[in-house]
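The next part holds the structures, each set out as structure tokens.
Consider the two complexes below, in which chain A is the common component and chain B and chain C are the respective partners.
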Partner chain A sequence: MKIDQPILLNVESAPGSATVMASGRQRFKETGLLGVLLALGFLLTIFGGSLEERNRDTGSTNTVNKFLRADNLGNLAKDTSFFAIMAVGATGVIITGGIDLSVGSMYCLAAVCGAMFLNYFGPQGPGAGASPFWVVPGAIAICLGTGTLCGLLNGLGVVGLRVHPFVITLGTMAIYRGVAFVMTKAQAFTSFPEQFTDGLIRHQINWQGASLYPVPLAIMIGVTVLAGWYFKHAVTGRHIFAVGGNEQASLFSGLPVNRVKLKVYAFSGCTAGIAAMIMLGYYGSASSDAGKGYELDVIAAAVVGGASLTGGRGTALGALLGALTIQMINNGIVILNIDQNYSQIIIGAVIVLAVLLDRINGTLRDKRLARAARSARETQQELAS
Partner chain B sequence: METAAKISMKTKQFLASLTVIYLAALFVTGCEQKKAGPVANDAAGSTPKKTEYTFALVAKSQSNPVFQAARTGAEDAAVELGKKLGVKITVLWRTPNEDDAQQQVNFIEQLVLQGVDGISVSCSEAETLTPAIDKAVEQGVQVMCFDSDAPASQRFCYYGTDDLECGHTIMRELAAVLGPGKHVVAIPGGNQNARNIRNRIKGALDEATNYPNISIRGVYYSKEVPQDAAAKIEEVQTANPDIDGWAMVGSWSLFTDALLKWEPGKVKIVAMDALPAELPYVQKAVVAKLFAQQTYQWGWQSVELLTEKVIEGRNPPAIEYSPLIPVTQTNLDEFAQNWKKWLRE
Partner chain C sequence: MALQDVSFDVMPGVCHALMGENGAGKSTLGKILAGIHRPDEGRFEIDGVVQYFRSPLEAQRAGVGIVHQELSFCPNLSVAENICLSHLPNRAGRMDWHRLHRKAQACLDEIGAECDVREELGRLSAGQTQLVQIAATLATGARIFVMDEPTSSLSAAESQRLEGLIGQLRRRGVTILYVSHRMDEIFRFCDTVTVMRDSQHVATMPRAETNESELVRLMIGRAWQKLFPEHVERAPGPERLRVEELSSPGKFRNVSFSLCSGEVMGIAGLVGSGRSEIAMGIFGLDSSMTGRVFVEGQGVSVRSPREAMAFGIGFVTEDRKRQGLVLGMECGENMTLASLDRLNWNGIIRRADERNLVTSFFEKLQVKAASAHVPAQTLSGGNQQKLVLAKWLARECRVLILDEPTRGVDVGAKAEIHRLIDELAAAGLAILMISSELPEVLNLSTRLMVMRNGRVAGMLDRAEATQERVMQLMAGRDTQENLRPH
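Then we have the complex of A and B:
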């Protein structure tokens, strides 16, 4: 019985083999990313310096570390949440071997639809005075619904037209932003009901004299945990890896490949809608230029988090850590007072480094697998003889 | 056979001569027409020669509301000046959805082919636009710049904000609001490539040297998208709580309401522009003073200056700066009313 697993690993074309190989490697990748984050945090704590802070409640002053301040960490978590949530969705698409370039535009369209609704029922809108008990859930439903619908359309394009997702989502990237532009007539929509902004998404808690906004953080963790569980433990979640590992083999094994693809694109749209909802609540405005260029940030977060653009690999936790890594670098540039002009170079270098690390890991994995297969063959031969 | 060959040769020679004469005539006519453009304009005097004129405005971006006000201004000016001069002035609006200098070049080339009488352009990138402007002028179309200039081009004039002075004004006012004592100030930078923002930053930094009590923590760039700009400012302020003043030479972050939660007066802010979304910041005293650019006038003056040059044959001054309008709590309501007109609400 002990020899079953090595034999399966040796059959590289079998559907699911990539999955089996991936899990161990992914854990290693996340451990590596956690190490990078800890190292970054350590460097920022040491070199970021400290400052005198006055407690708003007591009035007393004390010296605090610039990076480890609750305010700074809270802000870092908030900034990460938008990208991390979308990166989790994008990771699902990437695992199937696809790509979603329309993430930023779906985010924009979902935000604009939600913003127009909230503006209508806002304090200066014609529907002012409507009950927040249905306006707030309505706004959430509009954001999530718009995002999911956009994602579903992407999926239908990919599956129905059998065109490479790069082309389909490149087209819808322009279409969705164009629709947002036509709808808004280039105007920003503001003035939303307080129950949605300060009462929900921007709900503030004071902790050790710092103002923290826990809702974006809670949603980010919730989305990551749910998606992580789905990818790893749900049968339909495992199908995503199978399709990304070997689409042809999955098809011949009877897996519903098209349905799997539709699901991941719809999920990607849904996460863009969730991020749009948080953005609306936190910033209290939306216009047709919202989320411009986010697609690259989101894909970068997923790739840094270990998702392979060739498919078959990636995790929700990795996407979150990837987004956090990029945001920590941004934060570090500000804390260390590095010239802002260098930020793009630094972030670009980190992405290249992550891919390089991935390649090195891949080579090491292949060597490990070859060794395991050799030893399994030898064991089989010994048993046979 | 010989005679037939001779006749055929003569016919060929005749046809060739006709072709040469035709081509020569075409060439001469073309040259005449090319010369005729500017001459006709120069000789136009104060009375219009045509009854219908078409001017085009090429702004930077459709998604920026300041240009919507400029469009309204241009359309209003076309109606009023047309009535005054007894001509029909049509305004064409050709603006990319987002900042895109290359698309602006395409629009200018198309407009020249379309035969417009004049173009007013706000340059996303002066260097990219200069050859297109020069080519249009050489083809007899009068071109001016508004909001963002292309000084090395053959445009006949520029109308808009003096960006360098604008930076000086923002920093001077912020210094006055901050008062005596040591202060740390930051500047949001927007897009590093935008010439007007670069000039404003330069002006602000130059002005800051006059105040030894003010130290500049840094210039912080971000996408010129409200949410991104607000996120950057929050990040910088959180990482540097000793910053007590923001010289907002660009105020994209104020198009959101994220900074409205700042304690009024704790961090002093003086900012450019006074768009509808920014006005609550003054109302709640989070922002001490806004400096509005005359965005409606960008459009109005564009049509007026093109009318002067193309229809009346006069030469306006090469550079005309529009002053900034300070907006504080005292004139806030009055200024808010303008936007209703400018956005045709």
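Then we have the complex of A and C:
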């Protein structure tokens, strides 16, 4: 594929200036967070102590590390997956300079809609015995569709009404949960087709005597990788960063600013739907209380992962690592037998600390870049003189 | 580290110019004096007393004040509140509005500024805001004024007024540190000049002992190069853009002109005469505009920048930091921002093509950056402007609107941009160029439109466009015949 070369300028591709592109590419952005995670894991392994575990097959007991054992790590991955998936969606919104407070409610509404559907076709429902070949995809479509639709409505509010996203999503946060409440009449829905729960989301594998559930983990990794790739390589991804970096300049450069915003809010809703789907399959029930307060955990994960609330910055992998950090601390509090009541204090402090560290890292990077720019100018001047 | 070993002395009551290209460190020096930045090393003395400021408030107490475009006060508060912001008159915490307004009025009267002290500051023009700033600085008892590019967004009349005010301040014994790169101003009212280059002190001398070309040589560190390319007469090509009776309430009325391939039509006029507004209108950013726009002879309706771009119109805006660039994004990404649809392969960016495009424009426009991956904000003003130009050239537009293409650009880059504009016109682009710098408009335009109060005050050919004539038309000291719309 050939780009139309500007006819007005005799531009030739200049192989000599390839160095212009080669040097100075920004380093892997999540190095700091990965370091924190490794340190955290190391500390928990050392100070978490060990416990006696019975091997189911042989009946013998052996000593295992409290943190570094398959059961615990699998659990940690499952707990992380909900938040990480939604945090990836929230990161998209945050990169455009917006905010989505309704993720918890969208998650709840999607879960409730899916739960009612699954319950209808469940073993005790009127539609029992329906073929799983369309019940399972139907449930997935309902969860994802409900989430996406809610997100789209958020986006329409932000774009069409020109009201700050904080206000719009604050409103829809209450509205969506209210809808879920009215729909369920405050009762919980259970009894889902086995093909959706144990057969799909709760699919279990046994490894070294521990039961692991790899599906939530796989979905989390899939969503993160896809979103990360999309942010980086897709045209819309570039648009997202441009709109968040400078909305006016984006408009003046002819970017479809409103469409970009619609897309990120819809995506945020979609990730809430995916998380709801996993939750339904894993726990096998849902009520209108699901996901209460999740919005703040999700935003916290995105922010710890390096997303800037002023827009223009953030990564999908960062969101995953941010969610993992928070869950690891939660996990650590249990392992270290710290009083549960302290967990909020510790997590709150960690959020602030992580953002602070990220800023210091950013300042150092800016200094390095400024130095590089200056030396480039000097070389140019030397060449000129 | 934006400064290295800068030392000089300034006498009281003197207007001392601080010159240098963009990024030479002159603003940083001003900000250190005003306590906004802190120096790593070194000291300065005021009346023989060594000072070290840790905050603007400490500088204020020592009698140093700064007048700076970007440091204006709170636009949501009234003029009076802004003037007295650091010590609002109150009785036991309760605002004393009467005393506040009297005090503010007194400050404004002192410098002869006329504006309502109850007005919200955000509603004032750039010039008025600056006067308020000066009044406020004076009210703090400042004896040393740092003025950082004070005229960069003022109209000619406002600049002249500022000049008078500077004279007035000096007679009171106020020392002025005047940061600028406008030669004419420095030769008009500065006594001594310090030249800086690459964060370093180059020379300090009395103005009388130097001349323009020496200053330029010191500033850019090499011999003066020609600021404007030689004008070559060219026959205009086919018509690219024609507008008829464009009007927008409160902005401009009955503007008609046509623009051909190969032409550079300059638009001169005071700030607020409707120059930029016309550009915005043509680019689809004014929904209340009426009139007809023809692109290549076809009547079109342009309702958004996207549509304007579809018709081959590009727009280099006046304010590159707010409207031109996404400062936090990489230089290369900024360059391709307007042409992503051409690099689009099923929604994916064609990386290799993007790289080629960026590399070729880096080369062609000689952008000085550590690499194409550094954020645009790390570049100097001139190089940032080149990025904006490249953004539109990469789109291969046929009509290019330039609004203040060399504002805040250093001398070296200015000459390069001028040469580029000329080359682009020669290559067949139709260029509409708005500029406050008369020499720029006069030297580069093949035709000139002068605006006054939202109307076309006159349409001049290159041959008839002289500085005096354009000034006359701009300011309105002219006979009625030129008022008829063309």
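General remarks:
Please note the rule applied: the second predicted complex is superposed on the first by the 356 of 385 C-alpha atoms of A that agree within 3 Å, B and C clash if a C-alpha of one lies under 4 Å from a C-alpha of the other, contacts with A are read in each partner's own complex, and residues count from 1 in each chain.
The rule we apply is simple: a contact is a pair of C-beta atoms (placed from the backbone, for glycine too) under 8 Å apart; a residue touches a chain by one contact, two chains touch by 3 or more.
Computed from a prediction, not measured in an experiment: that's the story for all the values here.
Comparing chain B with chain C, more residues of chain A are touched by C.
Of the two partner chains, chain C is the only one that A:Q248 touches; chain B does not reach it.
In the superposition on chain A, contact of A:K263 is made with neither chain B nor chain C. Once chain A of one complex is fitted onto chain A of the other, the partner contacts of A:K66 are limited to chain B, with no touch recorded for chain C. Of the two partner chains, chain B is the only one that A:N75 touches; chain C does not reach it. Look at A:Q187: by the touch rule set out above, it reaches chain B but stays clear of chain C. When the two structures are aligned on the shared chain, A:G284 is found in touch with chain B, with no touch to chain C.
Residue overlap on chain A between the chain B contacts of one complex and the chain C contacts of the other is empty.
Taken together, the chain A residues at the contact with chain C in this complex read 1-4, 6-9, 11-14, 16-26, 233-236, 238-239, 241-242, 245-246, 248-256, 312-313, 366, 369-370, 372-378, 380-381, 384-385.
Within the complex formed with chain B, the chain A residues making contact are 51-53, 66, 69, 71-72, 75, 79, 177-178, 181, 185-188, 190, 197, 202, 204, 279, 282-293, 330-331, 334-335, 337, 340-341.
Listed in rising order, the residues of chain B touching chain A in the complex are 62-65, 67-68, 97-98, 189, 192, 217-221, 223, 225-228, 230-231, 234-236, 238-242, 255-258, 260-261, 277, 343. Those residues of chain C lying in contact with chain A across their complex are 23, 198, 221-222, 283, 285, 304-306, 308-309, 315, 317, 322-329, 332-333, 337-338, 340-345, 347-351, 353, 355-364, 368-375, 378-380, 391, 393-394, 396, 423-424, 427-429.
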